[in-house]
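Each of the two complexes below includes subunit A, the first together with subunit B, the second together with subunit C.
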Partner chain A sequence: MKGFEIRGYVILALAALFLLPLTAPAATPGVDKNEIRIAQWGPQTGPAAPWGSVARGSDILFQLVNEEGGIHGRKIRYFVRDDQYNPAMTVSVVKELVERRGVFAFVGGVSGAGGMAVKDYLAQNKVIWVSPATALNEYVFPVNPYLFGMYPLYDDEASVLTKYIVETLKAKKIGFFYQNDQYGKDGLTGTKKRLASYNNMSLVEEIPVEPGEKDLSSQMLRFKNSGAEVVIMWVNPTTATIALKTSATIGFSPQWVSSNTLSDYALMNAITGGLWEGVITGAFALPPDSDNPLMVRYREAAKRLSPEERWGTFYLAGIAFAEPLVEALKMVGPNLTTEACLDALNSITDFQGIGPKITWRADQHQGTDSIQIQKCGPGGTAILLQDWTSNDLATWK
Partner chain B sequence: MDMKRDYYEDIEIFSSNTVLAWSMAFMIFLFAFPFLVGNYYIYLANVILVHVILAVGLNILVGYTGQISLGHAGFFAIGAYGTALLMTHLPMPFLLAVIIAGLIAAFFGFIIGLPALRLEGPYLAIATLGFGLTIMHIIGTWDVFGGRMGIHAPALEMGIPELGMSLVLNTDMKIYYLILVIAILMVIGGKNLMKTRIGRAFVAIRDDDIAAEVMGVNLTIFKTLSFAVSAFYAGVAGGLFAFVVKFFDPFTFNLILSIVFLVMVVVGGLGSILGAVMGAALITYLQYDLLKNMGELPYLGDLLVSFSRKWFTVIGMDNIGGFLLGLIMVLIVIFEPLGMFGIWIRIKKYWKTWPF
Partner chain C sequence: MIGQLIIEGLAIGACYGLFGVAVAIIYKTSEVVNFGQGEMGMISTFIAYHILIQYQFPFWLAFIITMIFAILLGMFIEFFLLRPAKDPTVLGLIIITLGAEMMLMSLVGWKWGAEQKDFAFPLSVRDTHEILPGLKLNEWTMGVFILTALIMVLLYLFFRYSNLGVAMRATQQNQNAAKIMGIKVERVFSFTWAMSSVIGAVAAMFFAARSVLDPTYMMEPFMRAFAAAVLGGLTSIPGVVLGGISLGLIENFFGYAWPHWKPIVAFVVIILVLTLKPSGLFAKHYVKKV
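For the complex of A and B:
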């Protein structure tokens, strides 16, 4: 019966392994004497895995805070969960974190669908959610008392970029190439509103594209024939790459302008085979090699704490998304409750870390309409063209 | 494993009173489950039950009929979008909507079944894979479906409010009971179907389609029927899934999901209803819960994280998760080709003769 005994032990050990995660959470959700529990979901595996670096970036800031002794004596305990960009899994990891671990607040969170799936659940359970890593009007309009957005809205960004194109680049003929969904259409709206303010200027060509399209030669020819000097593209990385390569083969080289979603120059330059050089984009954080003292500090910390990570745009966006929450937690003081933290977040005015200036009020949870304008230099480096600029045409403020 | 003495014994759903008693006990456990655990586990159980329905349907196609499908996420999507849109645009109670959506999925299954008459093995895999991707892109392109932004599932209305009969299932627990009842019906339905002439025709096609045709099984009818039945299961599962997550976009139903579905069936045990149920439960639990939380296990968690950071990529724990999931699949295929069902049979045998 030796075999049976061993089998019995194995079963016992397995049972113990299954039961361990069941340990009960603390009484006050997410906060106790020694720690504040903060979490983020993001695709670490699966087809959207490259965006997972956002969730890992936030960790650098929390580790830095903990090294300095935490916030009013409490260390931050940070959970990252892989949702594989699948909303069913986002709901699952969020419910698990809230109900079993007890989480005080969420930061970031890449997937739009995943965010929409958990938005109401988080509000019902009074869990704070700061800086979703997607710009969606549904997040911030109407105001959700527990959700604070700082990602610039796409129409604001397009409007600021268009102003730069018309006033600084002095372009007369502008084309617009957009993904046929809310993301692309928001960009188009922003550009059109801005152009209308210049004696009803209009686009010489506007062409929608489906994200799976692989042959863009007819679209690029239309842009070429329209004589566009500048083409704004509000598309995904694959489409942008195909567009640039196609244009190069037909001898069409306008000034390309794009949104911050394509501002990871090192990556874009690599996948376009160097064609990304010279492209202008919006940006929601300082350039990765900026000598801003905060940036230097974070860069050094990342090198020390997580040397194998690439210091790219999305990684440092994770830091930028977490900064306002840390600021609010510091403002609250030692008596930390969800209500006190909400008050602190609602009183954040002109706070600036490595992202744009953020202001939240009880009746306004979209924190900013500012972007920087950057240009891809040689070897995927970032050149700052224009510092933080807000959209004077924004209608929501 | 059991001796069957006559035909009627073969078609019994419960092979003995012991099995019946244990099934009843398990049923009582399932109905009591929400009162024993927290809300999170009810949600997890909902996802598992949805996957159980789908896996049972997929097993009818893959395990019993011997046809492969890498496009089941497509049928799943048709069910989810069909149910949600029917209920949003027409005042229609849930059960009617989910059945219609299931039938739409079944119709698409029938269409996909037609090329399956001429395609086998990898070629059929490619055709079905193409179908799954096409559905994802069509849904993403058409504004009626909410485009790539995704849609909200409407309130889960069981009655018809216009006639003064309204019953909205709005908590995970209420939805759990709905899914549980449907899952039980569909699992028993699947088990029953396999004991009919249709089920035996499926098995005959799997074992040798030419021999089956010689014996009088009409390949055209039964192959397409198998696809249609399997797609109906996927459609109903999708319709329930829509209300479990409440928000979904086309990308939710990507290729990876189709592959995970196939994994459930293979790990559970091809050609066994019980296997499909066990496979769906195990893979979903591993994927959604255990592998996600290993990092917080005392001692072991930190060890695994540092191991992963040193030897794999920067993403840490999730490397180990993917690795373990793959390892389980490989080990089962090599050592236990019958899947968890095979392990189950051996455990049963062991206890039957215990302590000898």
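For the complex of A and C:
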């Protein structure tokens, strides 16, 4: 009998040993005493590769953090994966990063379609995702507890730009040229809402365009015929280039205004053969040649750490997107867990790096509605026209 | 405004027509639709871009070197990719051209990257001349008109009077009979691909000057040019050019009146034409007896 009892105690003790690891608090994935694993996907090859510099830009900030000893003794280990702007590839690389590399958080991530393809997967796996590099209402409304957006929504941006056009440029006749998708339509919505606030002012012309269209003669002739003094365009760089070249051909020279997606002046001025000079755009970060001390520090670091990279808008956007995550990690302290980091992100208030001021709350994960207004100067330089301005008509705040 | 719409429609239409001719030449001799045509023109234009930027050669010299490259490229694809195909069917050959398209696009992406570039073409779209009050003609448009007309005349003379042109027509009508008559059909194919590649490269340079240069910039013009060729009749070279011009005019007029429908109008017209006259508007309809 006693033998049975002893055996029983031994079995219980063994069972307890097996159960112990299950009942102990699970370690946070992507964090150990030496490192924090952070990742980003982005098109490094394929047609959208120019936007791939966002992911490489974030690396500059992480390298700087590591040079300074890391965050509370932990170095950042950063992974970049090429999804070729293909949502199926985004899913594949994100799964690899979560399940095999065990990353703690994602930052940035170009492509709305790619982001939408992994948004729920990341939330289900409780992986934090900070500052997607696209403005999508679906990212932030309703609140996803693991996703924090800082990219200004396109309707907010269009609203602020339209206010500038009406109140500062004093334009009466405004046309709108938009890509026939959610991006273009969000811009159009913002402009229309703003115009409606000026005694129901309306657009003299609104024309959609398919992203691949190469002949825009009839559209530009229509704008010319409408007498538009300002044409806002919410299109891609190629369409914008063709629009400007075609307009030059037919002798139509309105004031062009565009979204921040076309704010890489060096690139736009080069591919339009200089026609981009004078174009006004929104901007989600300070001008690349800004003498802001933080910007100077990043610019010098980029020169030193990645001299082969062009210091352009999208490259530095990668830094701007990563700044709030680094700030939250610093706020957490040495006991880093996913929950602690979420608490820190939810308490970020008026944080500002080289982008707009960011505020996140547990019930509000769209961090900003502010943009700067800049103008392309000679040689693709950026001229600041209006400092950070928020959309007073935004209804989501 | 109508006058300017006509000019713009004619200009882009002539460009579609010119590129459609490159597609039609290969189709005429082998019944193969070359889906790599756009990317063949694209890589040739990148070669010109590279010579202009890297070596700072004058444009005429870069143009000549590019044309030599285009000839070699056309012959290379025919000799190394299509000719080795065993017991080829037309469908099999078309699939090979699709493979060539992807290969060329990847090659250009690897070598020059995906970032858009400006192609410094000497005929500017910005240098305009007012030919009538309110009616502007730019250098690019004049270049397209002159070049298209010139290539049409040269092709007419070539197919009508040169031995090689007659051999190409014979090969198209009956390969076996052409072989019996002593025509070296393989050489005819090689020459056809070279000729098509050259015309495609010239048209691709015109497209690049109007748009931007990147590895995907010829995808949409190829689709339009192919549509224009189908509209005019793939076996008729003048028909292809007229098809291109018709397409340019239809798109511009329709696009002006109803901009929302511009992207699809051309294809609706083409479906109608194919339903009513399958060989195209300007080609003779042949029925093969079996």
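Everything below uses one rule, namely that the second predicted complex is superposed on the first by the 369 of 397 C-alpha atoms of A that agree within 3 Å, B and C clash if a C-alpha of one lies under 4 Å from a C-alpha of the other, contacts with A are read in each partner's own complex, and residues count from 1 in each chain.
Simple rule for what comes next: a residue touches a chain if its C-beta (ideal position, glycine included) is under 8 Å from a C-beta of that chain, and two chains touch if they have at least 3 such contacts.
A quick note: this is a predicted structure, and the numbers were derived from the prediction, not measured.
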item: Fit or clash - subunit C, subunit B, common subunit A; value: clash
item: Touched partner set for A:Arg222, first subunit B, second subunit C, both or neither; value: second
item: Which superposed partner A:Ile242 touches (first subunit B, second subunit C, both, neither); value: second
item: Touching partner for A:Ala49 - first (subunit B), second (subunit C), both, neither; value: both
item: First, second, both or neither for A:Gly273, with subunit B first and subunit C second; value: second
item: Which of subunit B and subunit C A:Ser202 touches, first, second, both or neither; value: neither
item: Partner chain in contact with A:Ala113 - subunit B first, subunit C second, else both or neither; value: first
item: Partner chain(s) touched by A:Lys214 [first = subunit B, second = subunit C, both, neither]; value: second
item: Winner by number of subunit A residues touched, once subunit B and subunit C are compared; value: B
item: Partner chain(s) touched by A:Gly251 [first = subunit B, second = subunit C, both, neither]; value: second
item: Colliding stretch - subunit C into subunit B, listed as 4-12, 40-48, 94-102 or 130-138; value: 94-102
item: Shared contact residues on subunit A - subunit B and subunit C; value: 45-47, 49, 210, 212
item: Interface residues, subunit A side, partner subunit C - complex; value: 43, 45-50, 207-208, 210, 212-215, 217-219, 221-222, 225, 237-238, 241-242, 245-246, 248-251, 267, 270-273, 275
item: Footprint of subunit B on subunit A - complex, ascending; value: 1, 17-18, 20-21, 44-47, 49, 52-53, 56, 79-82, 84-89, 91-93, 95-96, 98-101, 112-113, 116-117, 120, 180-182, 210-212, 306, 308-309
item: Contacting residues of subunit C [partner subunit A, same complex]; value: 1, 4-5, 8-9, 12, 109-110, 113-118, 120, 125-126, 128, 136, 138, 140-141, 207, 210-212, 214-217, 219-221, 224, 248, 251-256, 259-260, 262-263
item: Residue ranges of subunit B touching subunit A (in the complex, touch as defined); value: 38-40, 43-44, 47, 137, 140-141, 147-150, 152, 241, 244-249, 251-252, 254, 256-257, 287-290, 292-293, 296-298, 309, 313-316, 318-319, 321-322, 355
